[in-house]
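The following pair of complexes shares a single chain, chain A, combined with chain B in the former and chain C in the latter.
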Partner chain A sequence: MLVDIITWPPLFQLVIAPGLVAALVIVIFILWFERKTAARVQMRIGPYHVSPRIGGGLQLIADLVRYSFQEIIIPKAADKPIFIGAPLAALVISLLPVVAMPFTTVPKYYPIPMDYSLLIAVALSTLSPIFIIAAGWASNNKFSIIGGLREAFVITAYELLIVITALAGGVAVLSYNLTDIVVAQKPFYKWILFTNPIAALTMFAAILMATSGFPFEIPEAENEIVAGAYTEYSGLMYGINMGAAYIKRFAYSLLFTLIFLGGWLPYEPSSGLIHGYLIPLVIVLVKSTIVMAIMSFLRAVYGRFRIDQALDGAWRIFIPLALIGFGIALIEAYLGVYA
Partner chain B sequence: MPGKVVYKKTPKPRFLDAITGNLGAILIGLKYFANPNRLTMKYPYEYPQLRSNYRGFIVLDMKKCIGCMSCARICPAAAMKMVKVEVEKAGKKKQMPFPVINYNRCIFCGFCVDVCPTEALYHIPVHDVVYTNMEDMVLDLEKFQEKVESPSVKEGVPVRYLFDPDKGLVKVPIKEGGGEE
Partner chain C sequence: MSTVESIPKKLPGMDVNKLGKDLYEVFIGPQHPGSGHMRIIIRVDGDVIVEADPDLGYVHRTMEKLAEGREFIKVIPLMERMAILDACNITLPYVEAVEKLLDIEPPPRAKYLRVLLCEINRIASHLYGLGIFGVFLGHSTMYMWPFGDREVFVELAEKLTGARLTHTYPVPGGVRRDLPQGFAEDAEKAIRYMEKRLEEYRKIFLDNPVIQKRLIDVGVISKNLAAQLGIVGPNLRASGIKYDVRIIEPYEVYDELDFEVPVFEEGDAFARAWIRIIEMQQSLRIIRQVLEKIPDGDPLHEKFWAKAPALYKKVFEQTKRVKLIPLYANLKVPEGRAFARGEAGRGEIVYMVESNGSTKPYRVRVVSPSFRNAIVFRYIVPGHRIADLPAIYGSIDYFPPEADR
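And now, the complex of A and B:
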């Protein structure tokens, strides 16, 4: 009985896995991985002294403890309710798309009715940037406002990209039901990553842009505008802000895994809680962690683009690529590849 | 005659340059990810092997000193001062000036060592000594004659940076006998 209540999908997915708890664990791992990878490539060691035996694995937890004991300073000129509310809302809302994602074929474990889940997940994922802009505006600081404006500029470029490329997956299968999309990719070579690599690449780059991942870390460019929209935040609020971007990236990479990497395939869910719900969930989590790790690796390779370069790339290169990907999906649907 | 102005044209990027450039960057990153060459010196556990002529802390050899005061005069930071001490020389007691140093002021320029006519002052290859208060940094005549010990040398491993034709700069630990691994 208690197990039924805990694993009631809408609650379980938002709070435990892949929601708040699992997302926090994975984000802490990814942050550590990002710092270690960048250090490895750049001939350094990275976090080390907190726990030398596991390569500084506890560094992020130490950081978290430090953040939670720091004083939260609210500037006099700031708009208080929005200043406090915006990052919290951004954190919660960036987790919301998780509720619209199925992790099994068993209808009992669907969090919501599934027929248009892809559309709902994409729609929910586009809500959170407005709060970053609001946070920048409420801080009443020139760096924050510039950071918020840059976020607004980047949104206009990437949001369309994510929507077009995510829907390309649905169009190829002729269904906006994420379960159908995953089940249609059953043999290994039918993953949409392989049949439509252009859309996959474009969505990958768009996710990096959306979450200010490294080549596109424009809204919070450290050496230009302090910390962008988060300049005035301190203590735990700063930690929440930094974590929110990664949690958003996590939600996007779950979506990426479901659409392009075949979700819980090659495993086939059967009946029962463990075989029908938890094992496919863990498979999806592992796949999306790998996607996030690849994104983190890019931090070590690329420098930051200027905002004009990033916008130029988005409008002149990636949007045509996304449209080509959409066209490929239409052709696949016409030829009945996934019929 | 002014030099002739030459306009250099940057070559136009070809169509595939964006793809090959990105792939090349990622491949180099993967190469270093698989086979990292870490240069970071874990300082208290490793320390740089300094050459014998390193311009570190200064030590006085009192037997060689003739009390000419050149070192105190040339010191640009006024870190060195002379003190008068009674010594026996050739059976006679007489007062003679000797240098003492104040490391609060010393800038380790080495002028005193250069100017010393009898080589009574010399450098030792030690640079990382910690004093707990400022009074300890003013050395008296007895302390000035002792060789200061580096705290990292006691527990650390000496390392040296060498140039490797394949990997570039590499960090090499040095064995106690003086050879390199």
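And now, the complex of A and C:
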């Protein structure tokens, strides 16, 4: 009985996995991984002194504890309700898309009715930037406002890309049902990543843009605008801001995994909680963690684009690419590749 | 009463000031991660900079005035503080000027040793500049690599001089220490390592499409502008003017060594990044030649040995270190004015030393390369976007403590 309540999908997915708890664990792992790989590339050791036996794996937990006990300074001139509320709202809303994602073919474990889940997930994923802009505006700091503005500019570029490329997945299968999209990608070589690499690549770049990943780390460019919209935040509030950005990337990675990487395939969910829900869920989590790890690695390779170059690239290169990807999806639908 | 009220309502630079329609004034620095210890006041129309005003002096330490109160030898460690990562290049012209006043010529071995440390410093200085440049572009690997590799040359300098940064190595009449045993092998190892690494820098940084997009045609200093503004060093050579004090007016033993001075025609930030890489390659060449050609002999002028007690000569024979204080404490420099210049990592550095015959200089005038390069911000930044400011700043390799003195 208790298990049924805990694993009631809308609650379970938002709070435990892939929601808050699992997201926190994965984000901490990814942050550790990011720091460790960058350190390896850059001839450093990276986090080490907290728990040297597991390669400094607990460093991020220590940081989190430190953040929690640090004084939260709210500038006098800041708009307090928005200043405090915006990061919290951004964190929660970044998580929302996971409630629209299926992790099984068993209808009992759908969090919501799945018929238009792709559209709902994409729509929910587009909500959080408004709170970053609000946070920048409420901080009343020149660099925060510039950071918020850059975020606004970048949204206009990547939002459309994510929508077009995500829908390309749905169009190929002729369904906006994420479960159908995943099931159609059986066997291995029919992953949409392989049949439509252009859409997949474009969405990958758009996710980087959406979550300030290198080389598109523009809204938080520290040498230009200190920390962008988060300049005035301190302590736990700053941690929440940073966490929200990574959770957003996590939600996008989940979506990317479902659309392009065949979700829980090659596993076939059967009945029962473990075989029908938890195992496929873990497979999706592992795949999306790998996607995030690849995104993190780019930090060690690239610098950052200038904002106008990123926007120029988005509109002149990636939008046409996204449209080509969409065209490929249409052709696939016409030829009945996924029929 | 309360401290909160004593804080002025408006702090200059905290806000963005509106100057006119669509024109705003933004203070970048001096406490800003992308400005170093200086302030650049920019006026922006949207994201485009209309006017830029480099505001120097944040780390001014009255070095020229301080020098008037110290003995000639003590001015060297003072002047080193301008650019501790380029210590030998920065102080060598001062030492040469004092030598001109004393009318002594250092022994050839000392000259070679000076050049050796100068080139080690030049590499360390360029690596530092490149590292800062990398992080300004958000390229964290290009920040860590040069800073890590710089360690190799800092340690090489430590082996030679005993100090990692503020070596105070050249002193009037020679150098402070002789070449330690096994130095040539260590240096050869470092040179081979660095040659390999420079190739890797090219791969990850200069051949990186993102970096090329950020740097090519950004912050172009035309040949004309460079000549008009009188900028110096690698920045000038990246604009197509072959001006290097090591070639124009060879000092120490640069005329006996075979090296090239790279010149680029583009004058953009990308050329300025490239030129530093090539200069490092040339410096490695010079280090190799110095270690091959270095003659035997005394690293200090015999005039100083004549004054020294016999014990000091004995100590030197054993440790190869010159005991300084008794030799220089009462060094009286004859009356007169002397002028000397050298090519530091960031460009030409000029000293004018005036003595009135006492133990302390009457006047030491320094013109440092960063100071001469600072003006360039005013002319090349306008027209670029705010995001280009760190790219241009990094490419100039501007070093505020050196400019402010």
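The working rule: the second predicted complex is superposed on the first by the 339 of 339 C-alpha atoms of A that agree within 3 Å, B and C clash if a C-alpha of one lies under 4 Å from a C-alpha of the other, contacts with A are read in each partner's own complex, and residues count from 1 in each chain.
Operating definition for what follows: a contact is a pair of C-beta atoms (placed from the backbone, for glycine too) under 8 Å apart; a residue touches a chain by one contact, two chains touch by 3 or more.
As the structure is a computational prediction, the values presented were derived from the model and not from experiment.
The superposed arrangement places chain B and chain C in clashing positions on chain A.
Contacts of A:Thr231 after superposition on the shared chain: neither chain B nor chain C is touched. In the superposed three-chain model, the partner touching more residues of chain A is C, compared with the other of chain B and chain C. Contacts of A:Ser94 after superposition on the shared chain: neither chain B nor chain C is touched. In the superposed pair of complexes, A:Ile45 makes contact with chain B only, with no contact to chain C.
Once chain A of one complex is fitted onto chain A of the other, the partner contacts of A:Ala300 extend to both chain B and chain C. Within the superposed three-chain model, A:Thr37 lies in touch with chain B and out of touch with chain C [touch as defined at top]. Shared-chain residue A:Phe214: touches chain C; no touch with chain B. When the shared chain is aligned, chain C comes close enough to touch A:Gln309, but chain B does not.
Of the two partner chains placed by the overlay, only chain C lies in contact with A:Asn223; chain B stays clear of it. Clashing C-alpha atoms with chain B appear in a single stretch of chain C, chosen from 315-323, 369-377 or 387-395: 315-323. Residues 41-44, 300-302 of chain A lie at the contact with chain B in one complex and at the contact with chain C in the other. Residues 14-16, 26, 32-34, 47, 134-145, 148, 204, 208, 210-211, 213-214, 385-390 of chain C touch chain A in their complex. Partner chain A is touched in their complex by these residues of chain B: 18, 25-26, 28-29, 32-33, 36-40, 42. Touching chain C in their complex are the following residues of chain A: 38, 41-44, 142, 146, 214-215, 217-218, 221-226, 299-309. Of all residues in chain A, only 37, 39-45, 48, 297-298, 300-302, 317 touch chain B in the complex they form.
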